Every structure is written in structure tokens, then in C-alpha cells.
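The following pair of complexes shares a single chain, chain A, combined with chain B in the former and chain C in the latter.
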Partner chain A sequence: MSEIDIKRISYLAKLKLPHEKEEFYSNSLKDIIKWVDNLKKIDTSETEPLHNVTEKTASIRNDEINKSNSVDDVLNNAPDRAQNFFKVPKVVE
Partner chain B sequence: MSNNWEMVIGLEVHAQLNTSSKLFSSSPNQFGSEPNENVNFIDSGMPGMLPVINFACIEMAIKTGIALNFNINKYSVFERKNYFYPDLPQGYQISQFEFPILTEGFINIDNEGNQKKIRIERAHLEQDAGKSIHDIDPKFSFIDLNRVGTPLLEIVSYPDLSSAEEVVSYMSSLRQVLMYIDVCDGNMQEGSLRADVNLSVRKKGGELGTRCEIKNLNSFKFIRQAIEYEFKRQIDVIESGGKIEQNTMLFDTSTGETRAMRSKEFSHDYRYFPDPDLLPVNLTQDQIDKVKTSVGELPQAKLDKFIKDYNVDKDIAKIITTEKQNAILFEKMISETDVKPKFIAAWLVGDIFAFIKENNLELSSLNEKTKDITDLLKLVSEDVISNKAGKEILPKVLNGQGKPSDIVKELGLEQVSDSSELEKIIDETLIGEEENILKFQGGSDRVLGYFVGKCLKATKGKGNPKLINKILLERLKK
Partner chain C sequence: MKNSISHIKNSLRDKKISVEELYDEFLKKAKSSKTNSFNLLLDKENNILSIKESQKRYENGNPLPLDGIPLGIKDLFCTKGIRTTASSKILSNFIPNYESFVTQKLLDHGSIFIGKNNCDEFAMGSSNETSFFGPVKNPWKNKNIPTDDLVPGGSSGGSAAAVAEGTCVASMGTDTGGSIRQPASLCGIVGLKPTFGSCSRWGIVAFASSLDQAGPLTNSVEDAALILNSINKHDFNDTTSSNHLREDYATGINDKLDQKIKIGIPSDYLKDVSGDILSQIENTKKALVKHNIEFVDVEFKTTEYALSTYYILAPAEASSNLARYDGIRYGVREDGKSLDDIYLNSRTKGFGDEVTRRILIGAYVLSAGYYDAYYRQAQKVRRLIKDDFQRIFNDVDFILTPTTPNEAFKIGDKLDPISMYKNDIYTVPTSLAGLPGISIPSGLSSNGLPLGIQFIGNYFEEKKLLQIAALAEKELNFNEQ
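Then we have the complex of A and B:
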């Protein structure tokens, strides 16, 4: 099993992890992965990958416009707004 | 800089599909609306909302597959690509990864007369993100989610391109095909078609170098500038002993330079996995065959037809086939008259295009006037009026100021093509010109021009020049 880069994982998950908890979570994750790795015992060399358990095909819709809400309905859920824009802390690449 | 370097380029082209509604929601797929006007709870990533595929997007992908010689995969899977920015609130982009709808296509490009086959690795469907506006407020970004969920077809080429010219030729050929099959409006300024350029350099014939990706170029000019700058930059780095780092670059349109995007704490980790909200797409042969009938004639086929069947010069045929609406208008005109296509073509790319450009019109505004245009061209081709008179009348016809034959009569522009009438005028003109006639008979051709001019003047410019020439020669040679 590969080493766990707990700093990277907390970054990707957008979770702030106190330094003293890093080892604890690192070990917990290792245990989880060890348990999941049990699946590797099954021989799947003859099995087609399954992308969805229902084995049905995607439902589709026709190309039709349906406006069911107003701008305000959507912006009412925003943490902050400016006129009709969502207003968020600056993100620049 | 030594000149034994070459560039190796692959392109990722994002084409917005011109559907009415979005890829997974029923919101309008429309450019230029008021901020957040076209956003519903699916687009804004509200919990519990379920995406449903717009089948028109699948059909457009199939159409593109046929036009660009792809394998059309009956089985394809939508996956989640982790992406954590406010312009896509659901936290991931729905895209296709391991099982894209199209694989292994190609397109032939023409680079200054040389044909080259550019292989295309894949094309897949995905959603576009919204727009962030950073320059209104120093501390905040403003977000407009109208573009969220706009259907994109991402077309990924192999690294088969080796110059800025080839890239531009590839991109414009793609654009032309996508517009012909009516899946993308091709408007690069509005972002309907944009490209990411992957470029590396190597010594001619040597091993591939490390590539950099220049993101989001939305004009042919910027593509060319970015490639030329990045090519030189990479060579400079290597020649001064440095190493190219695999980087994502931005192109600064104001300076014409590329620069690395602010490096993030950690590199991207997309962690693709099949989207549990969307079942795999299983297409039937029947669904694919149905689309086949709607592909229509492709640009190359039209070009060949215009050159071979209609006898139009290659350069002119190319101009006409650049855009589908030009080609359609041309074919409509041909079907309505017995004037030679070659003659129509010359007028179309000449005075008619010039009129459209001068008056800032769409060519489609002439759709209802093609019969009047061809009637006018018939008058010219049959020498009823002169070429010059035709050019004079054309704007009036295009402005809808009357039937060509009426305008001709009204302005008295009909040419005198009655031989006996012309003979009379010519005979009168030659009176007292014995000296010049002798000069002509002595071998001075220049005198002929003088006589033609004099006769034309005598007809007040209405004499048919060809006929005047003919009669004059007969008279003078006596």
C-alpha cells in the first residue's frame, strides 16, 4: 500500500487539519484502505467493468427550454450578491 | 537562435454546441443574456438536482463524428472531474474520460497548396463553466453562471501540427466543418470556439521535448502570436542551459507574451470517476443512422463540385465555400438561371461581397433577391448592358429598388447592339480620318483604340464595345 500524503488529501478535500491530528487521520485512512483492499482478493480478470449498478441506459430529454425559476430564486441561495451577480472572495489564477 | 529547432503541437478545441437548451438542464443555451438569467437549480449546483442528457447534444456529437471520420462509440460514460472554483458550484465538471463518444478521427488540411492529414485522438462531451469577473471589485469576484452547463464538444488532436500556419489552417478547417454541419456557430469572439495549444520543441527529427499548454485562445491572431512567442521562449530556455517545466500558460493579449499561471500549492488532481447521477449512454445503430442523413454536403465536397462541375476557379471557389451560407446562395443563383456559374461566381465574390461588406449586411439578406441578381447578370452576360452599367445598377437591385430590366430602361443604359445602327455611326465617325486609316493599314494598332473610343463617344457610351470592335475591323481592313 502506498504512503498517505495527508496534507495533500486535506488540501484536495478542502478540510483544514490541525497538525497534531495529522497522524491520527493518516492512520485511520490507512486502516480504511486496508479494509477496502480486501476486494483485490477477487479475481476480476474476466469481468467487464461496471459503470452503474442499474445496467440501464441513460434517460434523455428533447432539446427544449423550460424556465422554471427567476434570477432571484437562484440568487436567494447565494452567500452574497452584487446586483445580479454572485459575490465571492477573490479567486484569480 | 539556431534554426534547427522545430515545434510539435497538439490542439484541444472546445466547440460550444448550438442547442436551444443546456447539456444537462432545460435552461436556455444563450450568449449575451443578463447575468444569471439562464440559471436554474441544476446549473447552480443545488443539492438533489439531477442532470438529464439533452439528446440533441448526442446527435451533434454523432454528426461531428461522421464529418470528421471518427469511430462513433455506442457506449460512452459521463464522469466527474473534480474542479473547485466558484464558476462551477457543483464542485466538479461533468465530462467524458475513459469512454468518450468519439475516438480516432482525422481531417485533411490545406496549407498553401500542401495537403496534410491531421489525426484526431478523441472528442468528448462536457459542460462549460460560468464566468468570473475580477476587475469590478478589488476584494471580490463576481460570478455569472449563465454559461454553466453549455454543451461543449472537446476535440483533441494528436501532436501532428508543426507550425503556426498549420494550426490556423487546422482550426479554420474544423470551424468550417462544424459550421457546415450546423453544430457550432463558430463565433470565436463570443467564445463559441476556443483552443488550448500544447507545444513542445525539439531539434529537427529528435526526441519530443516537454510540452507547455497555452490555455483559452479565442482568435486566429492570438493563436499565431502565442505559438510564435512560446516557440521562441522554449528555445531560449534550452539554449541558455535551462529545462522546460511542464506548465499551464496564459497568453497575455496586451503584451503578446505567454506566462505560467500562478503555480498552485499542489498540482491539479482531477480524480475522475463515473457520475452516479448519469447512466452510461448506449446508442443503437438506428440512432446513429438517423443522424447520418442530416450531415449534408461537407466543405471539401462542395469545393470539388464547384471546381469540377461548375468550372469555377479554385481561388474563387475557396472563397465561396468558406462559409456555408455563401455556398448555399451561390447554388441557389445557379439553379435559377442559365448564366454560367463561373460568371456568377466572379460577380459574387467581387461586387456583391463588396456591397455586403460596405453596408454591413448579412449575406442571408440577399436570399430573397437572388432572382433579381441573376436577371441582372443575364443582361450583362448577353451584352444587353455593359459590364460597367451592370456594376452601376447592382446596388439598386440589391437595395430592392426595382427589377433590373426596369432600372435599365429607366436609366437608358441599354447597349446599342443593333449592327446596322452601329455601322451607320461607325461610317460617320470614319469620315475625314483617311490619314489615320492609312496608319492602321500600315500596321499601327494603336489607332484602333482611338477609333473605338471615338465610336463609343458617338454612341454616348451605349454602343456594344465588342460589336463596335468587330465592325471597325471589317471596315478598316477594306
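Then we have the complex of A and C:
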């Protein structure tokens, strides 16, 4: 198993780990990845990945409009809004 | 049984108690409880309209299937206008503007929600200790160390503890790798995980979408069947919702099984288990063998890979599902100078340790260079696990296993994540295969704590599964012990 670059992984997950916790998570991740490494010894060259266990879900419905989620309903949960928009810091100079 | 749904409905019908009095009684008990089973309790004023309508239906002689029954709802189901937090800081102020499919069906059938049950944060945990709102205490005590506070199991720990202590008649939980069955077992109640795709996931805060399934936690197998009748429906809003024909799961639940039944006991599950756990299986065998039920040893080839497969797939799906918590559209925002800072700060401060850990595992196994070796390999092994179950089901009707490898443990005792993950060794394989499983209480450990057994059925055979569980429940007679 190769080294785990905890800074890169946390960046991918949009997390900014506090400095003092980097080692904690890095060690924890290493232990778990080592623990799940036993899957590598199984020969799956003839096996297809499984995505949906029951595969009984092909359903067709009429294409009808129903009203849900008004703009106000949705924006009521926003931490910050301006008129009908989510408000965030300026992203374009 | 005194607190069963049918018994309570009879009392309401016979006017021994009114819907309002029933609600008051449960709410009073829930308010004075010290188990921390609820993140939120609903005062009578919040439900007064439903209570009055329910009472009217009883008076008119046409009550609905769950009319007036006070239920606890895991705080993972979106409930319209009622705070839904997933026991996370990041959702601690979230008020959904819609009702989940499952809880809507329960309301349509007359039940009344008493509150939202505490659970592990985003349903990630096996002890209910990862909740932002603090751990739930198991109402049961170790008779040899009665001062210890024990975990109720997880992640539906609040749902299980609430039913066990009688602060709701039944509750709803969700099960991704054992989160209904394991806490039910540790709290001495019944927990049913239906076949994946039976009950719609729409409106349930997503953890691992190929595994998540809603199900009831109840005092009896019959109650589980009654609730399943309400929630097991096809839903167009969930693309994995199955469109098979549903049955009436409660009618005839105590009928004699009309065919010769063969039950497989996986010998590989019973290696190294304690005497207490082994005797649950032995007692069940003894109790059922007189009903013309045959027991055979079976052996899985994939058991040792199940937890590894699960702890790749579930975190991978979680890291993708939890990408939506960004501090912009809903939930708690932590300020920052730039948009990116808001994302980083909100997520880092909003998620607890276990959720952060699982997001990191997921990001790692999905990242470039590791995707094929971990994620794709785990999906392939998942097929081998499913095939392994189908091979066994070619020969048997049900599989019988312990639900958990141990009794309820002390709060704070298991600090190492891998030893915590091993709690789900008997429930995770069923989840990966998508099969239905039910845990029923089977006896007490030498410390006087409840232990459970799990029956696993084939796909969509919940009717048969509930029948065998009801028979075992009657024979084992746990509630009279």
C-alpha cells in the first residue's frame, strides 16, 4: 500500500483538517485501508460490478407536471439570500 | 401484548382510552425519560388536528390501519415543517419543506409522530455515540455492573431505545449495514430491514444509496408487519424503488406454515462466538424443530470479505452523497472570505469525527489511481457475495444467524473504529446482498442483557420471513421471560 496523502484527500473532499488532527485522520485512514486490502487477493477478472441488487426497478410514469418546491420554500433554508438567489461572496472580479 | 398496535387499537375502539389521552401518556413518559432517545418531541398542540381527526374516525367506526398510534421517527426522515437534523451540526437548523415518502404513508394511515429519534450522525455508527446531540442510553442495564450506561446500538439507537422504554409504540429506522437490526437486538425489540427497493428512499437523508433501506422497530413481529403494510409501496421518486406486487404482511402472520421449512445456519458465522451468543441459536433450533422445521449447516465463501466490501462502498457513496452539504443552500454556514472558504469551513466544522473519517475513506477509494483497485473491486466482490447467498438459497428457505457478536457495551468503551465496525459482521452481508432480514429478541446474556437472532429471507419474501419470525417469537417467548 502506498502512502496516503491526507492533504490531497481532504482537499478532494473539501475539508480543511486542523493541523493537529491531520495525523489522527491519516493514521486512521491507513489502518482502515490496510484492513480492507484483503479484497485484492480475490480473482474478479470474470466478475461484473454490481450496482443495483434487485434490478426490478424499471418503471414508466406519465410525464405530468406537479408543483413542489417553490422558490420561497427552497430559499427559506438558505443561510443567506438576496431576493430570489442564494447569496455568496463575490466570485468574479 | 399490552403495548402492541392491535391491543392499543382495541382500547381506542372500546373507548378505554382516547387518542388524546394515549398521546399525553406517551409524551409525558418521553419528556421525563433520561435516555436521550429523541432530538425533538412534538407537543400536543403540534398534533392536535391529527389527534382530533383520528378520534373522530374511531367514533365513526372506521379507523385507519395505524390510527392514533404514537410513533418515533428517526431524525433522518424529512418531516415537513419539523426540524430534521440527521443528528449532525451541519443540519441542526434544517426544516424540510416536504415529507418523506415513508413518513407520508404512515401519516396517511393515521399514525401520529411523537418526535424525532436521535441517531448516529448521518446514520454512521453502531452505538449512537456519533450524534451531535450526544449519545443515547440503552434502557437496559448490566445486572452485574448496574451503574454503567450502555449503548443502544446504532445507528437507529434512539428509535430502538424509545420503543424498548415505551416512549413510543413503534418507531421508524433506516438500515444501511445493520442500523435497524443491531440496535433492535441490543435493546431487546424487533427490527426489520426489508428487501432493498421495498420502501422508498425519497426524503430520507442519504448515506449510501445502494444500501439504505427504511424499516420498523417494534415490540412484536406483528407490529412490524402492520407498519410494513403501510410503508412498502412503489414510488416513482426513487429510481431504485421496486415495482413488484406487495402482499398483506399482517394477515395470516400466525398461520401454520404450509410447507416443510428448511433453515440454514452458517457455520462460518459461529466460529469464535461466545457461549451466550451460541445458545441463542441452539435455543431457537430446539424451539422450532418440533414444528417440522429442518436445520442444516451451510457455509459462505465470502463472509471474510463482507466488511471490507462494505467499508469501501458505503463511505464511497457517502462521500458523494455528502458533497451536497456546502453551507450555501441549506444547513449551517461557517463564514469565509471566498466561496471556497465557506465550503471548507462549513464542512470541516459541520461534520463530526466519524463522518469526516468516512468522507475521507470514500474520497480516497474513489480518487484517481485507486478507483479500480478499491471501489470497482468492491463492487465486483459485492456480486460474489450476492451470488453466494443465492447459492445457499437454492437449498434453504431461510438463514438463521445471531444479530450481533456481543451484548450492549458501555458508552465510551469502543474507541477504535475497526472494532466498532466489526459489530455489524452478521448484518452487513445481508445488506450488501440487498436481502430482507429481521432481528427478534431471543434471550438474555449472563449479564441479563437482551440478545437477538436474525432470520434472513430471499428477495421480497417478507411475508414468509415475518411468519417464521412470528413463530420463533411465540416459541422463544422473550417478553414473558
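The rule is simple: the second predicted complex is superposed on the first by the 82 of 93 C-alpha atoms of A that agree within 3 Å, B and C clash if a C-alpha of one lies under 4 Å from a C-alpha of the other, contacts with A are read in each partner's own complex, and residues count from 1 in each chain.
The rule is short, and it goes like this: contacts are C-beta pairs under 8 Å (C-beta built on N, C-alpha and C of every residue); 3 or more make two chains touch, one makes a residue touch a chain.
Keep in mind the model is a prediction, meaning the values are calculated, not measured.
Of the two partner chains, chain B is the only one that A:64 touches; chain C does not reach it. Comparing chain B with chain C, the partner in contact with more residues of chain A is C.
Shared-chain residue A:31: touches chain C; no touch with chain B.
Legend: residue contacts after superposition of the two complexes on their common chain; A:91 is shown touching both chain B and chain C.
Legend: residue contacts after superposition of the two complexes on their common chain; A:83 is shown touching chain B, with no touch to chain C. By the touch criterion defined above, A:44 reaches chain C but does not reach chain B.
Of the two partner chains placed by the overlay, only chain C lies in contact with A:16; chain B stays clear of it. Across the superposed pair, chain B and chain C both touch chain A at residues 8, 12, 14, 51-52, 54, 56-59, 61, 68-69, 73-74, 77, 80, 86, 88-89, 91. Touching chain C in their complex are the following residues of chain A: 4, 6, 8-10, 12-18, 25, 28-29, 31-33, 35-40, 42, 44, 47-54, 56-59, 61, 68-69, 73-74, 76-80, 86, 88-89, 91. Residues of chain B that touch chain A in their complex: 19-21, 26-28, 34-37, 39-41, 44, 46, 52-58, 77-78, 82, 84-86, 99, 132-134, 136-145, 250, 261-262, 265-266, 269, 271, 274, 276, 278-282.
Interface residues of chain C, counted against chain A in their complex, comprise 94-95, 97-98, 195-197, 210, 234, 236, 239-244, 304-305, 308-309, 311-312, 319, 323, 326-333, 336-339, 342-345, 347-348, 351, 356-357, 359-365, 367, 373-374, 376-384, 386, 417-418, 432-434, 459-460. In the complex of the two chains, the chain A residues touching chain B come out as 8, 11-12, 14, 51-52, 54, 56-69, 71, 73-75, 77, 80, 82-93.
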